[in-house]
């Protein structure tokens, strides 16, 4: 979008149902943080930690709740949820161009592919036979799409994405550069000579509407059935999704998390970065996993879960790590102490009783 | 492969030396899990956890051991190792087309490269001077291959792979999209002003026959000698292999594992996902490492190894993490208690002796 | 560089201000390790662990300090810091060709882009409008560069790199294959129906001079301000840098480390592989973090920091993991024991006092 003339506060207020306090004709040409915003810029206040910055902000206008209206120096857009309102307004100032239909002459499109005349296909793009590209789809430079894929309307693949054959993608999906969708799941059967026989991965990948997939993220095709990413799932960069995983609607997974084969993650979960989830598990709806946690068993109750230890100075940590290796023994020694003390007390009581 | 007419049970039985029980003329057109299989589909039973599914399966036929023949509802292919037999049969139903020799007109091949007329080179592929591509090689769309590489016969590079110069790849190797082979190892010498002087990485990468390399996996070139991946190694997605690592024959490494420089991993090891192996180590043949383990010392005895802590509810975990920081002190306190109790007991005995 | 005739020891000595001991006319054609070096090869001795190899080395010449001159069998180049001298000399033997100006005919360059006639643009490269490419820049095959980027002089993008719009890269920067710079930061606001509203990422990425970025590394664009990589930063492969992170001058970060949003990492830090750094932290200059550490709080004092536990045999580890879950309870039991023992001692003293 990004209208070069900007938007009046009145226009912005109407978009997000905000009450405008101040001069509603003032033009907003961009968004900025409380600290850096100046004339013509709109900011937002969504975390009380930044109250000092709000009071000092030189922003033309600020998105705030009623409660903090008095702390605003310039104009205000009063809303119930400033963070959500800010999110909505960012779409007016985005750098992405709308779909500009047409096929770049350097693209290689198989005659047996079907590309909507209302789709945009960038330079160096390769599309194989049997693939359907719907209206409003944007495909970035040097992206490769295998056979028999489908890209639903309004979906956007950035530059350098790879889709293997038989990947079905819904509408309004955003896939970032370097993502690889539909590579073979990691499946091998041991033979009798210490080698491995590859299990060809015969399933596909199904990605529902409104999903976002981060840069360098890999989602493997299923062994027999499909790997399945439900509606509204958000995956950050460098996430690894193994074969036959299913991720439930609205779940968000932060960077570098890996999910092993056949695990089912519930709806509306939030998984922090660098977590690992082992295979064949079920994770309840609404589960939260903290950063760098290893989830090695199914989770049946929603709630927050963690593993690992906290950061500490290296020398101190080294001593504690040695003790961790002795922890079972330490626990046995404590039990022994308790027993002996129990014995001494009993003896003492007997003595007292004499 | 994937013959559209399917295969009779007799044909399949001959391929894997199975005994056919039932109507050997029945056609199998695809493979499926016990739960989803129906008429014309073959399934397999390899894990007693799924006995209920076996008994209820509507599969046309099932791969089973003799012991479970009576639990099969339809026809059966009786084998010693159903999982291995299943792996072998997946190759008959794979979606990959065989090599279709020819060079796509949009490919850019340096005149000083040597590409077999029996190789298949996809759209947008770039091949630099001095590189040899043997018969039966398939190179996917938009893949880039640097100078003086070699791709052995039957090797397949999927779309969007990158090979730096001087990467030698054996026969029947499969490299998935987004993999980068031969980037510079991470080598810098500190100068006297707090900066870094790059150590140019002068070695290459050697990949032996029958290796598979997952999507987004990176294997760096050696500093002076080659990084070396031995025969039959299987690397999952997003694995990081640093310079001068050597991985022994038949070793399998799951997703997102990282191996630091100059480490030698033995033969027939299995390394679970998200593990980290620090540099200059030696890992014994037949070692198994569990998920998200940090291997920070050499392993001289085969066996299973682990590090980290188990998952638990976040609030409980927080309390235990605090205690971990005090673990060395706790151990000292237990020792003190033991000493004092020893003393008390001795005193007690002395008293008794009075 | 890589002059095919090689360099005399005298020439090499002049480059690094070394004293030549031996025949200064001898030609060095390549570098090698102490173990593998032979005639015509130069090696280096920088770690006393390799003294045996030094004494047995068949290298034509070795880079050594004065102190170890007597241990050298062939000629020697005597320097204060052999590792640094070796790093400098590797540049003479590198396989990278110097910039060979020109644009490959298969490249797609927008007429509104500005590419220096002294830059090299490889096959299949795509450059969008508004982007400036300075002299001496080398852009590898199938690399895609979005709108309004800038590549400073002497910068090199290997094959298959992706730059989103508005990424500014300084001079002499090296970006490896598969790296994605400027993808959207992971920002979403929860709406009231359990879904997510995308926060468009309106900032860019600023990469200063002399930075190196590893294969498959992802650096997200800022939400409003830029993500910022300062001068001389070195990032290994598969590093994830989230939106609005700032990494201070000269900091080196090893493979597979992830840094969450808005964290500021100081100057001259060294972060080992697979570490995770959570969001909105500040890490002091000169901090060292060991492998697979989770940094979950700001670090105000330089020094070494760690988290996690050490590797141990799996069965033993399992017992200790169980005890970790009981650690808080164990600590309470020890406290109780201490109290009871205190009580018993006091009682004992009272008894004594009778």
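Note that the chains take the letters A, B and C in the order they are written out, and that residue 1 is the start of every chain.
Assume a residue touches a chain if its C-beta (ideal position, glycine included) is under 8 Å from a C-beta of that chain, and two chains touch if they have at least 3 such contacts.
The UniProt protein names, listed by chain, are A, B, C = UDP-3-O-acylglucosamine N-acyltransferase.
Predicted, not measured: the structure shown is a model, and the values here were computed from it.
Rotation angle relating subunit B to subunit C: 120°, from a CA superposition, given to the nearest 5.
Because subunit A and subunit C share one sequence, their contact can be compared position by position; here under half of the interface residue numbers appear on both sides.
Spacing of subunit A relative to subunit C, judged by their CA centroids, is 25 angstrom. In subunit A, the residues that reach two or more other chains under the touch definition are 106, 124, 142, 160, 178, 216, 238, 256, 274, 308-310, 312, 322, 324, 327, 330, 334, 337, 341, 344. Taken in their complex, subunit C has these residues touching subunit A: 106, 108, 124, 126, 128, 142-144, 146-147, 160, 162, 164-166, 178, 180, 183-184, 186-191, 194-202, 216, 218, 220, 224-225, 238, 240, 242, 256, 258, 260, 274, 276, 278, 288, 290, 293-297, 303-310, 312, 316, 319-320, 322-324, 326-327, 330, 333-334, 337, 340-341, 344, 347. Note for the complex: subunit B touches subunit A at residues 30-33, 36, 81, 83-84, 86-88, 90-91, 93-96, 104, 106, 122-124, 140-142, 158-160, 174, 176-178, 210, 212, 214-216, 232, 234, 236-238, 250, 252, 254-256, 267-268, 272-274, 291-292, 308-315, 317-318, 321-322, 324-325, 327-328, 330-331, 334, 337-338, 341, 344-345, 348.
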